[in-house]
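Both complexes below contain chain A, partnered by chain B and then by chain C.
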Partner chain A sequence: MAELQLENISKNFGSIKVIHDVSLAVQQGEFVVFVGPSGSGKSTMLRLIAGLEDISSGTLKIDGQVANDLTPVQRGIAMVFQSYALYPHMNVYDNMAFGLRRHNMSKTEADAHIRDTARSLDIEQYLDRLPRQLSGGQRQRVAIGRAIVRQPKLFLFDEPLSNLDAALRVNTRLEIAKLHERMPDTTMIYVTHDQIEAMTLADRIVVMNHGNIEQVGTPMELYHNPVNQFVAEFIGSPKMNIIQDENAVEKTGIRPEHIELVADGQGQWRGKVEAIEELGAETLVFVRLPTEELVLVRVGDDQSVTRNDMVGLAPIEDKILRFNRDGGRC
Partner chain B sequence: MLLVLAAVAAYPLFRTFYFGFTDASLDMLDSVNWVGFRNYLEWVDYGDGEGEFFGLLVDEVWWQSVWNTLYFSFVSVSFETFFGLIVALVLNANFAGRGIVRAAVLIPWAIPTTVSAKMWAWMMHDQFGILNDLLMKLHVISEPIAWTASSDTAMLAVLMVDIWKTTPFMALLILAGLQMVPRDIYEAAKIDGVHPVKVFFKVTLPIIRPAIVVAIIFRALDAMRVFDLIYVLTPANDDTRTMSVFAREYLFDFDKFAYGSAASTLLFLIIGGVTITIFAMGKTNVGREN
Partner chain C sequence: MPIWIKRTSFYALVAVIFVLSVFPFYYAVVTSFKSGQAIFNVDYWPTSFSLDNYFTVLTQGVFGQQILNSIMVATGVVLISLALAVGASYALSRIAFRGKTLMLFTILSVSMFPQIAVLAGLFELIRSMGIYNSLWSLVFSYMIFTLPFTVWVLTTFMKALPVEIEEAAIVDGASPIEIIVKVFLPLMWPALVTTGLLAFIHAWNEFLFAFTFMATDAKRTVPVAIAMISGGSEFEVPWGNIMAASVVVTVPLIALVLIFQRKIVAGLTAGAVKG
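Presenting the complex of A and B:
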């Protein structure tokens, strides 16, 4: 139930500036994902919003009110930590109840609320257990449960899936998406370095790099129309091919799924098939150009190529992006 | 390994046990006679129907020493734990110059005990000591106190010096425990809006409790063996004589080697018993935690 406004937010650690004049508006009920490589400032942004770090300059507004000096509780925030940060000596029930006492809720109300939440997350049978007696996925649910019982206006996630194995990560991702559907009024901000999580969960993605916002947009906007080479390469998997033009000034960007393999002598480029990765539904073909650049092509399982074949590469014309020397679009 | 252990630990230990059952004295350790339990307890019949028990087990000075030891250990370790915890919490906080303060805090512990005992003996000197001087100027006392000699204050003096000296050690052990507490738990508590005092009692303290228990065990065992501080600061004083001092006096000063050996044997048994008790208590506590 919160609208969030960041106005020219900066953060310094000593003399090092880690966030540069960031401005962003988040709508109520929106699911916004901050994505970027490590050191991009995305986690710092989250901690500034949470109230775990002080804002060096700029204004943070929640529902139109300046929130720079409010405590996390006054901001109405709940947070799920990367390491879960469960209290190791308390059982699941107490972990969920610990922060709740302060809310204006009677003991029986709180108890019912905790049990409801536990049931909805399928952790009801673990209420008496200590965190170390739970698996990673179960701890994750407890961490989410602890955040939900507080009925936050603003729900923050700090790389919540990075300690889970691949299969569990997919499941939990779906559950977080469902959670957002169940809590349509709760604004959610989610930090990750994994662009697939960003693409699948976000209403809007904020791509960060070196303490700046590179681009804000829906997943499809970022995929089809990145503002620069950084965003183009960061969003999409496998990542976009960048091929230097002959004049060495401009570059061509084309995604692996937007290139067709054609007979040698046809298409825009030619090269030698260096490696083939057959993944079942699709095949990844690595083609070495005469300029030594490696181009990745994604083809269906119906196409047959052999290593060391000479092939032609035909990009789909309207999917080509052009970048200048500094990485900007042109 | 076992051989080394037998040579350096078992042999001297059992030789001490053995001497406890003999009439050994310093100048005739080679030709000793077995006397059974006479050093511990002996009924001496006066021949006229009356008699008396003699030996360590009915020696009032010995039991006074045992009591002094236990009293000293309990009080010093209690205060050291309390102050150590406070110092550790301060040292665990972020502030400028923390590294230097952490090192500086260890100084009392790093000074050899005999040196600091002598130092304090001077500070507590009844005529020239700075402590009396200060307290007189502040009008806390009206006449000088013979801190180390007076039977009212001798134990207090010993305790003060030991607490001063050993609190840093306690603080260091507890600090190590504090640094095991993951930082994000404090952040979770901050997000949960839990008051810092409540965080300390409900989160920090339970998590570092195993570290504190280990520190207390270390210190308690150490305190029960206390010797140098008391021997230097308050020699031959009934109010501060501990088991170790008692044993040393009989072994070497009074030339009653056998009696001293018997005392050493009892000292060993008492410390062993206390150790086992503390460990058993620690285990049930940890067990409840699990």
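Presenting the complex of A and C:
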């Protein structure tokens, strides 16, 4: 139930500036994902919003009110940590109850609320257990339960899936998406370095790099219309091919799924098939151009190529992006 | 080397260490059960069993009061040092401030002064504070030695606790005091028990300060009291009584260590195994 406004937020650690003048408005109920490589400042942004770090300059507003000096509780946030950070000496019930003791809630009310929350996350049967008696996925759900039991206005996630194995990660991702549907009024901010999590969960993605926002947009906007080479390469998997033009000034960006393999002599480029990765539903073909650049092409399982073939590469014309030397679009 | 030689020499070494460390106490126990002239016969096995010495020690004079003094001083030292050390270690491990490292090393260097070097100055200090011949003088002076290591051990231990747990508590609205009491203390108790036990043993055994700062018999702690047990004349040393008193003050210490040692080990392994 919160609108969030960041106005020219900066953060210094000593003399090192890690966040540069970031401005962003997040609407109530929106699911915003901060994504970027490590060191991009995305986690620091989350900690500034949470109130775990002081803002060096700029204004943070929650529901129109300046929140720079408010405590996390006054801001109405809840947070899921990367390592879950459950209290090791408390059982699941007490972990969830710990944050509730400040709420004006009677014991029976709190108890009912905790049990409801536990039921909705399917952890009701573990209420008496200690965190160390739970699996990684169960701990993750307890961490989410501990956060939502407080009915936060702002729900923050700090790389919550990175400690889970691949299969569990997909499941938990779906659960977080469902959670967002169930809590349509709660604003959620999610930090990850994994662009797939960003693409699947976000209403809007904020791409960060070196403490700056590179671009803000819906997943599809970022995929189809990135403002620069950094965003283009960061969003999408496998990542976009960047091919230097002959004049060495401009670059052509084309996604692996937007190139067709054609007979040698046709298409815009030619090259030699260096490696083939067959993944079943699709096949990834690595083609080495005469300029030594490696181009990745994603083809259906019906195409047959063999290693060391000479092939032609035909990009889909209207999917081509052009970048100048600095990585900007042109 | 054949295995039996290895094994034999290993157990021989264990036996030597065991005898060296346990024999003096064993001999005190054996002697304490003797009475009269039998004390002056050298016996390695118990030959007689008499509780006379214990009866004499506990009923004559103020030995009971002195044991109580020791208990109060040692307990006071443990409680106050742990309370101060927990607060200090929270600051030293979690809060960034100027001169933190300098402070840590200053604290450590305090424990390096020989007791005798600070004795005279400390005596003046205690006189001026008006706690001469009061148990508080011992509680105060023992903390010079217990605080450095409790602060150091607890700081190291607290540094190892994940920061995210503390942050989760902050997000849950816990104040610094609540974080220490409700989150850190339950996680730290193996360290608290270990350091508390060491502080207790130190305070229990200390002699020089206890000898210097206490003027009257009823205020003395047991190490001094035992040293001052005297016989009917200056030519008579009541070995039986001294041995009985030594056993009386040692047994609770051994019991404490044995009880808590198990819990220390249990606590440490429970924390160490992460899923």
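Following the convention adopted for this analysis, the second predicted complex is superposed on the first by the 330 of 330 C-alpha atoms of A that agree within 3 Å, B and C clash if a C-alpha of one lies under 4 Å from a C-alpha of the other, contacts with A are read in each partner's own complex, and residues count from 1 in each chain.
The criterion applied here is as follows: a contact is a pair of C-beta atoms (placed from the backbone, for glycine too) under 8 Å apart; a residue touches a chain by one contact, two chains touch by 3 or more.
Bear in mind that the values here come from a model prediction, so they are computed numbers and not experimental data.
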item: Clash or fit, chain B versus chain C on superposed chain A; value: clash
item: Which superposed partner A:Phe13 touches (first chain B, second chain C, both, neither); value: neither
item: First, second, both or neither for A:Ser135, with chain B first and chain C second; value: second
item: Which superposed partner A:Ala85 touches (first chain B, second chain C, both, neither); value: both
item: Touched partner set for A:Thr71, first chain B, second chain C, both or neither; value: both
item: Chain B and chain C footprints on chain A, overlapping residues; value: 50, 52, 71-73, 77-79, 81-83, 85-89, 98-99, 102, 146, 150
item: Residues of chain C touching chain A in the complex; value: 162, 164-165, 167-174, 182-183, 186-187, 270-271, 273-275
item: Residues of chain A defined as touching chain C within the complex; value: 50, 52, 71-73, 77-79, 81-83, 85-89, 98-99, 102, 132-136, 146, 150
item: Partner chain A, residues of chain B touching it in the complex; value: 182, 184-185, 187-194, 202-203, 206-207, 289
item: In the complex with chain B, residue positions of chain A that touch it; value: 50-52, 71-73, 77-79, 81-83, 85-89, 98-99, 102, 146, 150
